[in-house]
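One chain, subunit A, links the two complexes that follow: it is found with subunit B in the first and with subunit C in the second.
Up next is the complex of A and B:
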């Protein structure tokens, strides 16, 4: 044990934690005033890093001017524009919608960065790179690190002063407590909300400029640094700025000290040998913090503006499926192998999307980690289906992914709403960084995975395999719809409407949620197996966290309460990938999701619901295409909805705002 | 043995003392009234009995079994059903499906139990009995408050309870509906159901309850027959501030 070495790690941890603290406090400021958890927060920081690099390194601007332009100009402007263009349209929308809109922005920003700064593997110099390091407690600190710590302290003190000592800051806290009362007192909640987004995004930009030099400039990695900010913000329960700072520094220490501890404890280092656990440490920290939150109160009914769709009958779902399969068989004859392959992958992801129709659409639980389960399914397919394409592999995919889902759900279901979404995201990050990249899982080189062979009939050809994927999606949809119409489906709907009332009828809310989570994970596992077979080999990249996020997006856009969204989402992904190849824009799909974000803020229930309305109007009920839902009742329907007050209320009677 | 015993229950929210040493009992086949001014702790008492609120101290005993440590769904399975003052109807379902969910859950639990009708018969019977036949197939979000209270009553009855907790069931009902509702409760009690009734309609409470407990500022300040309670000075002071006409 070397004291100096530990001290060095502690100081570096504090410096890193300071940077996270700046990012996390921006996240808290926007969340408390608008109720929207900005998943794109890290993406704003990432864009700021790149812009700062472009200005200083590429264009030779002076550092001070670049800092002003990026931190005081670019960041706040982006925040204000997002608030005005998107956030305002989301009042009263469901939790799933509010989550996916900023996820769409995040994905869009990654697409944008990879296009503008394509292939640039740059490193960003810190502030005063030539200055001598500062010595503190026998530890050498770069001037940049000192500046980061000073900035964090300034932000902490400045925010405190701003919120408690200025008129605008007081108005901001008033809006957090009660927008209605605040507006009666002459405060304009819209203006305050916009200001808070500008401040929040400005802090993200500052964090980006400060963190950029500590790491390699890489769009995805920088964006997902935001998980560190989530973790810190959750320590402050998304409202307390001092606790957020504590959390950030704690995380900085955790990330830096755990590897040291592991290295010096024999059995730990041998147990973790071969596992890339270090990149997953922020996710592990987030998971631990989320598990310390006690949130066991039962949720009551709450109205939102989502609507109830008619559930198709068994006959309708079977006829509709037959139609879809027949259509696929015909169309497949005219498509190239490359196009077919992209559609196979699209509909494979569609199956993963279907798992969210059950979990989120019917059950009201939001998961951002479905690709984690899909990867488990692919692993099972690899082991049980292998090169021969044994259809039992699909069963194995379900059978392995479902218990993994249950295993994740046992701790995860202690929290709900946004916290559950974050927990599942942490899970996906862990699977992505640590499990799937382990050599023993998918292997280091490409593994041979044969496509399904059913009763001796191989689906090896691209046409046959596309039809197979669509058929599996249809069969699972018929099953999900049957579940929805069953007693279990009614219990699930009741739970979504009011957990509290369900419990007083003798329904065990946790058991129902657990079963739903497991079923959903199982379906995602089948989707993962199909995706892997489309590529004739499973790879970690297919099931990365960044692939998980758009899944929720595509089903929410299509209307998460309808199985049709799994089809439209799968088709959309396939088409985007085809078009992206034609026009030669890398990551076109990522860019297009930005459009979806704006669209969703105009139509928060998803475009599919509006489309279904139109179809119902034109086609009489008796002749309706089977999968399309009926005319929705015009009443609001309570769905799982979390407001800032709801997430952060400790279950007692205390209310209050940003602290 | 009383059907329900609430023993020495205390509830504190931080510095706020919501219930203070609350003790009372309910008998099977009787309607017990729980009245008191706003904020007296009536709904909190219901939450403690149904397991939604964990008391700081005290016990809840159902049919001689201490259910204090049980979660809400386990108490429901032992025969406690309730309605909510702030409605908790399954808004996206029809009134009939609200009742059906409860009946299905209850039937499944009693799989090996005594004779039972089909779920459909049970649901139809209850719908008719609480007076929802005409609106049973409408989505419940579209129904007026008075009907929603009946949906909650029907749903609670469908669980086959031995104790029914009703939280302000008659608010939103008109006078005629209120009277019919009172009759229905009396019939249910005559069939052996124990009912604990929180109600603002004091004349109705006095008319149909066998016993009445009065809560004020978290304390039981009086218990007795309606006549005894009406004559109690402390009740009139607490409830009305002055000697009023309502009692």
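Up next is the complex of A and C:
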């Protein structure tokens, strides 16, 4: 190995890492001072890049003026508006809701940018583009790159000083810990929170102006680059800015040095030949960091406002499913093939969403990686179902995805909350960038797949296949509801509400998590298989990380603790796709997610809960299905009751979860 | 408080949606077009290509035919009536990269308007049905299905994920005259044709053969950089294979990620290996970024050669001074030579009429050429327009065809690529013809079609 070459890579890594450091710093500021991990951080930076380009390149403004307007004006204004209009309504809401709202904002911002700035053959000039570069070890760093390094250091040190040595910074941190106590000390929590978001968004804007010249000016690329910076923020435990800088530089070094090491170690080079691993290196780094850190309780964790909904009985779920299937059969007769296909895909995603009802709604475990499991299921369907649509493929989809879920759960057992969500995101990114694109998996093209053929009856026609997908969704929903009503379900929700209390009752949370992840992954695998059959082909793009984000969104918007959210979410996705085809607005589905974000901030439990309340007011539970002959009026079920049997049983929930 | 917040939110959303509706436009971007693999081997062609192929003598009169709506057979196939034929075009218009292949749609619109203004074909006017595929494989497949059931043929299509439509199109047998296929899977569909065909097992070396005569030492130190995606990697491998047969030695082959913020390592490696001739296959933005990074690292190879998708003013604008001196070749008439190429003049004239704000570019030219092929085949197949008749004409009548001088001579019927090219160099921010020197001509002798492994 060449020492000089390694040192050159270090220099390059530091330069690259500084860009990530600026992006991550704003994330840390926002989290430290509001308790919310802002997934839209990169999107704010992206919008800032575009606005800066508009002002300097298109409108000819002086650079210094454009920087001031964007970094000190636009960015903070966006942050303040988001805090006032959306974030403030999320206080006390669940982690899932808070994550989803910021994801929705991210998606909305991408849709906005692609509409306002159509076409992307534009580039941002760097600062002082004609100046001579700075040379170090034969590596030339442009003046712009040097400015990025200096800014990154300044931001890290300056913010640290601001947050820990000034009254305002201390007040910002105090509001996160306890708004009530802070207000008793004369601090106005709303004002401080707004200031926090303004600063965080201002830093995002700074990142956009600094990083924008390094990339093509394109909405998705700029937004998702910041996802790579999450690892840096995690190194700093989402609170230490100097450590965030260190983490970012570490990420830059990791990205540059790993390929060098692989190239120079024979067996590694052979083993990784043909694997597209380099784009997944940020995800690998994030995963390693998450596994190494000691997960203590996170700041911002607080009692949530989640309600426990009444769980439908077996009869109700069967009758409801029958009604949905019958309705689908009737409506399908009047729909075009194109509409049918979009609904098939929507409800296929709905099945993936159902996996989140189990994992997140009942279990309280937030996952951003369900499409990773869905892709595994699609692969299984491809191999075992193939062109003939053998239903064994669907069973294989569950059987292959479930153990993968368990495998992911093993390292994830030691993390929780936001860190767990980021772990699953790292998994999804790895699957997207490396595994699914391998020639032996999906490769570069769509692989042909036949639709289910059940006992010789083909579901190849679009009407028949829509009914099939909805039927599978209904059957799985019945199963999930049965799980919910079982002792396993009570253990699961009890653990969701308090892992500590559950442990004191003799319940092993690790075993419950493992089983839940496995079951959830299996259901997602079935969803992936159904999606692939809707497309009559499986391709890597269908299961990209970016596809996982809307899945969580649709479930949370519909009410994450209700299986109906899988139906409503699937239908909404299908309808958005249909409307998007008719309306001449680019990426309409992305824009509409912004509306979802606004709605969630007003109704964090999801619209499904509100609707259920309305239905209950009109038709009280005790009177439902009373018309059935010989059927006594059903009594409300006890909610989340942990029976003495659960307490006295030896610790652990046996595999299968139905003890 | 809640009402005030709702008011602010409503205002915010309204402002954002109104802003989105108004929009702010930039030049249409360039995508990655494989574009290569073009050249006709003398062994496969009955006529020997001339050393330089002159431009067509006059613009093609639009194919009218002799039939009228009363005697053309009426509704003879899908998408056909007595007075109208619907043709579909799949193109990435919106999606993650809005406007990517919008110019292909504009080019086809222009040609259809020209034909219709001159009476259509056999009494029928042409109607374009656009299918926006949004860089999404699902949309490609879905719109292909829709096209199978509702339009007569697909004409002028271009999409990054065009392979996802291959199985559907093969199954339904709809004629598919693409602007150009970006994936091998779509090229291999039995009903797919292109005015500048590509063959999986052949690659043109004309440009490299010329540059070899100018820089004989540099070709022994060549480098190929490609973005790490399947189609560009495949094209890069074929190009390397073909150029090696021409005498090139590739001392370095590198890959970039789709999102790449730093090229320093790649450039240092090339410097280390003594690279003097660089080729790159990626989108224009990334190629421009690489050139800028090469400038920063003070790396100036003797030759930088780009494929036709770089033939775009936006590429020059993106790269600025860093693009100066780069070579770009084209296998179609140069955009700035409409004064000596009547068909190019016609394309630009009708583009201005139908889309006054549009910019002529490579994808528009390809789509115009696809339109020409369609109309010629339609007329050849007789007044009763049928898909089978169209396909028969496509498979037989386009041997040594050059779109009336708009494109390099090729044989689309046999999927035999063109070996003709015109080479340009970027000088003072403009594309300047270098070889052959005479305006409006192509070079068709140098280099040739090299056989490459189609499954590299």
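In this text, the second predicted complex is superposed on the first by the 594 of 659 C-alpha atoms of A that agree within 3 Å, B and C clash if a C-alpha of one lies under 4 Å from a C-alpha of the other, contacts with A are read in each partner's own complex, and residues count from 1 in each chain.
Here, contacts are C-beta pairs under 8 Å (C-beta built on N, C-alpha and C of every residue); 3 or more make two chains touch, one makes a residue touch a chain.
In this text, all values refer to a predicted model and were calculated from it rather than measured experimentally.
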item	value
First, second, both or neither for A:81, with subunit B first and subunit C second	second
Touched partner set for A:491, first subunit B, second subunit C, both or neither	first
Subunit B versus subunit C as contact partner of A:443, first or second or both or neither	second
Which of subunit B and subunit C A:220 touches, first, second, both or neither	second
Partner chain(s) touched by A:248 [first = subunit B, second = subunit C, both, neither]	neither
Contacts of A:509 with subunit B and subunit C, given as first, second, both or neither	first
Touching partner for A:156 - first (subunit B), second (subunit C), both, neither	neither
Sites on subunit B touched by subunit A in the complex	13-14, 16, 50, 52, 71-73, 76-77, 80-82, 84, 86-93, 97-98, 100-102, 104-106, 108-109, 139, 141-142, 152, 155-156, 159
Complex interface listing, subunit A residues touching subunit C	5, 8-9, 12, 15-16, 19, 54, 58, 81, 84-86, 88-89, 111-112, 114-123, 129, 133, 138-142, 211, 214-221, 224-225, 256, 259, 276, 278-279, 337-338, 341-342, 345, 437, 443-446, 448, 535-537, 539, 541-542, 581, 585-587, 591, 594-595, 598
Complex interface listing, subunit C residues touching subunit A	5, 8-9, 12-13, 16-17, 19-30, 94-99, 132, 136-138, 141-142, 145-146, 149, 161, 163-164, 166-167, 183, 185, 228-231, 255, 257-262, 264-265, 268, 283-286, 288-289, 296-298, 312, 314-315, 317-318, 320
Subunit B-touching residues of subunit A, taken from the complex the two chains share	298, 300-301, 303, 308, 487, 490-491, 493-494, 496-498, 500-509, 633, 635-638, 652-654
